[in-house]
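In this document, chain identifiers A, B, C, D and E correspond to the written order of the chains, with residue numbering beginning at 1 in each.
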Amino acid sequence: MKKRTSILGGAAAIAATFVVFVIPFIFIILMAFKDRQQSALRDFSLPTGFHFWENVVEVVKTRNWMMITAFINSSIITVVSVTLLVIFAAMVGYVLARRKTRWNGLIEFLVLAGLMVPPAVVPTIWLLQGLQLFGTLHGMILIEVAYNLPFSIILYRAFVATIPRDLDEAAIIDGARPLDVFFRIVLPLLWPVTVTNIVVQSVGIFNDFTNPLYYLPGNANATVQLTLYNFQSQFSTAYNLLFTNILLITIPPLLVFMFFNRQIVAGMTAGAVKG
Amino acid sequence: MAGLELRQLRKSYGKVEVIKGVDLTIEHGEFVVFVGPSGCGKSTLLRMIAGLEDITGGELVIGDKVVNAVEPRDRGIAMVFQSYALYPHMTVYDNVGFGLKLARTPKEVRDQKIREAARILQMEHLLDRKPSQLSGGQRQRVAIGRAIVRQPEVFLFDEPLSNLDAALRVDMRMEISKLHSELDATMIYVTHDQVEAMTLADKIVVLDGGVVQQVGSPIELYKHPANLFVAGFIGSPKMNFVEVNADKIVGETVHVSGPDVVGVPVALPAGKVHPGDKLTLGVRPHDLVVAPSGAIVGRVGLVERLGNETIVNLELPSGASWLAVLDGDQALKRGESLALDVDPAKALLFDANGLAVAAG
Amino acid sequence: MSASTMAGSPNRAETRAIKRSPYPGWFFTPAAIIYSVLFLVPTFASLYFSLTRWTLFDSEFIGLENFAQFLREPFLIKGLINTVIYAAVTSGLKVVVGLLLAVMLTSQIVGRGYLRSVIFFPVLVSTVGVGITFTVLMHPTQGMINETLALFGIAGPGWLTDPNLALYSVALVDVWKGVGLATVIYIAGLVAIPQDYYEAARIDGATPWQNFWYVTLPLCRPATSTVITLSFIGGLRTFDLIWAMTKGGPGFASDTIASVIYKQYQAGFYGLSTAGNVVLFILIALLVVPLTMFLNRKQGHE
Amino acid sequence: QQSGYLSILVDNGPQSIATMEAWAEAYKAMNPDVTIDIEVRPGGGEGDNIVKTRLATGAMADVFSYNSGSLFQAINPTQNLLPLTDEAFQDGVQDSFKSVVSAGGEVYGAPFAPAMGGGIFYNKPIYEELGLEIPTTWDEFMANNEAIKEAGKVAVIQTYADTWTSQLFVLSDFYNVLAEEPDFAEKFTANEAKFATTPAALRGFEKLQEVAEAGYFNADFGAATYADGVRMIAMGEGAHYPMLTFAVGAIAETAPDYLDDVGFFAQPGDSAENNGLTTWMPDSVYVAANTASPDLAKDFVAFIASPEGCDVRNEAVGATGPYMVAGCELPADVPPSVSDMLPYFQEGGQNAPALEFLSPVKGPALEQILVEVGTGSRDAASAAALYDEDVRKQAQQLGLEGW
Amino acid sequence: MAGLELRQLRKSYGKVEVIKGVDLTIEHGEFVVFVGPSGCGKSTLLRMIAGLEDITGGELVIGDKVVNAVEPRDRGIAMVFQSYALYPHMTVYDNVGFGLKLARTPKEVRDQKIREAARILQMEHLLDRKPSQLSGGQRQRVAIGRAIVRQPEVFLFDEPLSNLDAALRVDMRMEISKLHSELDATMIYVTHDQVEAMTLADKIVVLDGGVVQQVGSPIELYKHPANLFVAGFIGSPKMNFVEVNADKIVGETVHVSGPDVVGVPVALPAGKVHPGDKLTLGVRPHDLVVAPSGAIVGRVGLVERLGNETIVNLELPSGASWLAVLDGDQALKRGESLALDVDPAKALLFDANGLAVAAG
């Protein structure tokens, strides 16, 4: 009986999501299969010929295989900065949630401010130049970390409350130092949140557009979103190539999502405490 | 050495004062049991000793250091939490071995200790499970295992056996007792089980409302409770009480009477009470014996036949009801009249403030 | 030893100061350094420029004139109203839809992996692509949406060309794009709720709806507060989708404060746009700080 | 023979990239020891910001393309750019161009593309079918529109999904403004003349309003894009499309088969005698002041501004208008829309630069305001007044005298 | 009416079979107690009855409907969870009243019921607290409160009193007993407390390893355990066992001997055993009495003096150790020799398969 409702519900959900989510997606795919003339119409029609492979080849080869460089750069930036983000943000969120001091209000405000204020580009570039970090991947990574910390901190801060404090205490009694408690007990139990953070932040950073534009000049430093500029401008756009490009750069984050999505499982804290 | 001293220890949660000035000395190697009604502050006291609760007032000394400001991991303690607090993402094996791992115990030693603990706790077959796959009692045993592998100077046990079956509980009691004598460690133990308290304790601390009521050896508390609270609390079933007046004093025996009893003799040194004093008479259910000429007469109420003994609920004339535990299996009929007697040496008297009129 | 013989409060204060918290402050350090150096310092530095006429090459101090100028912006009030509407609509819908989707996607539904991926997919697509896709789908005459409506005999509106509708259309697309994010956060929130409480509620006689209302909703508060905070601030600040789809138009109909500021920045009015950002920041803070305080206060348990 | 490394920043118009790549290839063929790295930036306001930011932080590429005229003035050329006044190639560059890339007595740029005109593209087959004449006055133009509309066709294409396209009626009208008010630009800069109060200037707004009110637009003008407009004019889905002549390139790219169907004329004024074209100077290439290899950069720029450079360009993206460099020839087979434009530039032709080359003052909100006029939610007079407000803000930001 | 019937009920977690085919009939209004060692499947069985665990095999009938696929809320049950499962975001008041709220009970009725439950559970002063501000025992009482306010047809209690002090436990036991008779509800109760089981149960179900070992009234199980397991499990301290051979049979008495005992007489109907049979002799510690001429002789080991009785650990010659519970406070010295005797009618014999050689 339960089974049947879940199948019916699932079918309904699949139908609804198909309309709402998949149709726009199909549009993107169709665009990637068209030639330039047809794609300029930007309509919801079947491609007149199969141009997908040509499009892919052209997109990848454009501007001296810029796409490849971009993939490498974006991947490095994403992996390193997400790693740092997760660890540093979790540390802050953890202490912020667990320890009540009168500084908490201020700290939380500063964190929120990071979401509320757009970064000041020019002073930041001056600063990066002063630190010899301008135009380097290191600098870019640190920028991504700084700009995305607030989001991750807020996420962790809210979720630390779901880990029973008893577990911290048990670990402390077992002789754990703060780092042990954090890395061996709290962080593993926050895994679903970490997964969320990884997914969301890697998508955001991989797809970041404005920041690399300003902080990471130079062709050798291209990132994936910048490759879109090859096909889209104010005055003329090659929509077939643009959408092929969009499709191509969407695949890695999609794979990341599908991999990590499976890791979000229920019941991490089951059986921990009584009461 | 790990003796403990609690000096006027106090703890408040906001405005609620939970521990109201506790003074206590625990010698190194002693086995101390905390007992008291639910919510009286036992766990809180334990957690203060462990360093998990800030101390609102007073001083806590372990060894010869004031440790108010010392971190839990530097206090040399292990603790079994009332709520278990197992690490849900680790197997039983890792849960038990976590403390050893942190202490960088070599792998083989660790393995051997974990397996030894699992053997003691009869959970060798559970080592690969996660806590969520365990029954309540199994979880509790994991919690115990986690404490005992570490062999610290002070053990804190918060109702460690409450969810175990009787047989296992007896076994565990023995194991803890053995551990105590082997390790020469100080143990502080909270329990609601009178038998546990009586059998394990060198010293029992009776708490009520955040205040220590009496400290003493088990037999002392049983025989010479300091006040009505301790008298009522220690011993199961509960001691029977009745309000009486001192009738007359004959040598070292006082005769007391009240609405329900007439002329019950109580052994007492001379000079402690005077005729006419308002007192409370206390008699343990186990100390009542069937005696046709007994001073206490009532009607049989509920009867519980346990096999080796029979518990009788006796309705006294005033409507009060007493319990009597009679030897053997006795077939008593509800409603029939029953007369009971008590050994004068075993009856106790308490004054108007509830303090024992000391027999000593 | 002397510590134990001395009694009284000064001594207590001292010992309390010594005891190190198991949650040490230095956990903040790595994040704090990166964040302050690369974000806070430049941001504070840029505050100065809000008081100047700034071409990026040189700046001239002009006091509060930029603020006066910003507040004289002809479409400021309209932009303000639009901003609040946009933020409220997007964050409200993201919370509601995100939660419902998450509930569905954490249940034993068939095709769960597929559904999760599909709902998250829009998050991955670049804003540019989303903008183009939906301007096409929402095309007043050839757009798929209106063509479908036409099948039912409904003359669809000009989703993006009708000044009264454009803002809401963009907001809907924003929800479409962002709801996957809200959903994953909610999924993390839902899996953190111990199953025990559901069991207790089932025993207490809760219907699925009551289960949701009395157990799920209060217990996934961490997720809710995160989603609200993030999407509300996001809604107050975003302009990228608005930019990609309407450029604030038609005319000024879908301008928000952020897009007004962005236009000033594009026009090279750097001092003015910095002042605008300060104003926007104050506005956001006025709305968000009480909101987060409210959300956190209710988090009283545990 | 040069050697060394050169970085170039170019905007992402496909013609820009293609042209620059072709130049780079050609140049490298001549100088095998040179490495050239082309970096792409967005166009529009975002592109302005990139250029300014990189100049302000000293992170500019060696050579870069950017607008001439008022936007050029805004990047602080004397401080940020390398003067090219004394380079030999400047001898061949037209003075009209040099004037829009000069500051403080120095010339800083070389033309990146041919000159452009702003006017009206028309679809030749429609004109032939309906037997229409090229209009030389506004009234004739409106009469043509009426005839086209009557024939059941779209008279005027508007594409407001790309808001910048809404400005053409006003910007291309500037020749007519100058014809009546020769000193409008100076007065405008000095805050002495306003669009709202100068009837000749207001005409541009009114013209848009007239066309809009007459219902000549394509049905989806609110949602159509520039690309749609280009396609429509080429394929005859509409008769007129007010646009800059660089659209020829886009037509060539997306509808090459229809290139010959598209013609071009200047936006008509009120008198037939004084019919002339509003022109745009092309973008320019500049050398950053702090370039590591100034000689190489200058040599490369000289190559761009040489007849060989023009040939490379013709080869790569075709011809879109008259070159600003002496010796550059247009190929014989230029499309009609280009050949239609040439007479305005030749001896006896009438043209005048657009306002933005005469005055640094330009309000950023013009496009939105004109969308409002085009969609009928604002009339010309109030639009002009609103634009004057917008202009005032910009002028103040520039710190100009008299505002 | 809410009788229950379990028909070959089975439950597996993956490959681990936890409940291995349980058959059981529970009459409407009966008070059934499940006992068994830790991890034997008591909670699992309860949760299956409640509808919280899928049933792997067999049928569950409540009233006269097979409810395998019925939602918990439609089964008319209330449950006290072993792990409490209090709603952390609600006050005690709301926790207790939640079920009533869901059932749309009017506010005044609800309020009155909640306060009544709080009074019974002695937690009126805690109503405004959140669970995290309660002691272990207090939480447990809230969990009980949540179940009892609802007055369903079937109550399921999973070790509801394990964390309460003795006095409170006696009170609560009485209250539950009262509730049972007042509501005429069916109650299923899991406990490790023998006294609770004995005093509350109409019927005790002894489980081991997911299998029902014996079902019967308390006194029946005590006096006539079906097998060694039940004999050992019921009664505290545990029954003493020793392997013996049947020596000779005299009328209705069998004399058995083994390495530790010589010629112990056991009352038994004729024909059940034959001389030479290998048997196990079982004697309850309470049934041993000091008798200088007793058949069981050993050396005194650990002595536990509880006041009213004394528990002696007797080391038998073979090294096995027996427990004896002697009346009164007896001062026995470690190491001295002690002889004990047993009433033939109280000694039990089990055959080689562990099944009781029935006395009936």
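Basically, a contact is a pair of C-beta atoms (placed from the backbone, for glycine too) under 8 Å apart; a residue touches a chain by one contact, two chains touch by 3 or more.
Predicted model, so just to flag it, every value in this text is computed and none were measured.
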Counting C-beta pairs in contact, does C-D beat A-C or the other way around? A-C
Would you mind checking which chain's C-alpha centre is most distant from the centre of chain E? D
Farthest chain from chain B, going by mean C-alpha coordinates, please. D
Separation of chain A from chain C, taking each centre as the mean of its C-alpha atoms, in whole Å: 15
Chain A-chain D separation of Cα centroids, rounded to whole Å: 39
How many angstrom between the C-alpha centroids of chain E and chain C? 57
For chain E, what residues touch not just one other chain but two or more? 82-83, 86, 131, 136
Going through chain A residue by residue, note those that touch at least 2 other chains and give them in order. 2, 42, 122, 126, 164, 172, 232, 239, 267-270, 274-275
Chain D touches at least 2 other chains through residues 44, 53, 56, 225
The residues of chain A that touch chain C in their complex are 2, 6-7, 9-11, 13-14, 17-18, 20-25, 27-28, 42-44, 84, 87-89, 91-92, 94-95, 98-99, 107-110, 112-120, 122-124, 126-128, 131, 142-143, 145-147, 149, 151, 153-155, 158-159, 161-162, 164-165, 168, 172, 178, 181-182, 192-193, 195-196, 199-200, 203, 207, 209, 225, 228, 232, 239, 242-243, 246, 249-250, 253-254, 257-258, 261-262, 264-270
Residues of chain C that touch chain D when the two form their complex: 53, 55-58, 60, 69, 74, 135, 138-143, 158, 160-161, 163, 247-252, 263-269, 271-272
Any idea which chain B residues touch chain E in the complex? 13, 35-39, 42-44, 82-83, 133-138, 141, 158-159, 162-170, 192-195, 198-199, 219, 222-223, 232-233, 235-238, 284, 286-287, 304-309, 311, 325, 327
Contact footprint of chain C on chain D as seen in their complex: 44-46, 48-49, 52-53, 55-56, 74-76, 79-80, 160-161, 163, 219-220, 222-223, 225, 364-365, 368-369, 371-372, 375, 377-378, 386, 389-390, 393-394, 396-397, 399
Tell me, which parts of chain A touch chain B in their complex? 164, 166-167, 169-177, 180, 184-185, 188-189, 267-275
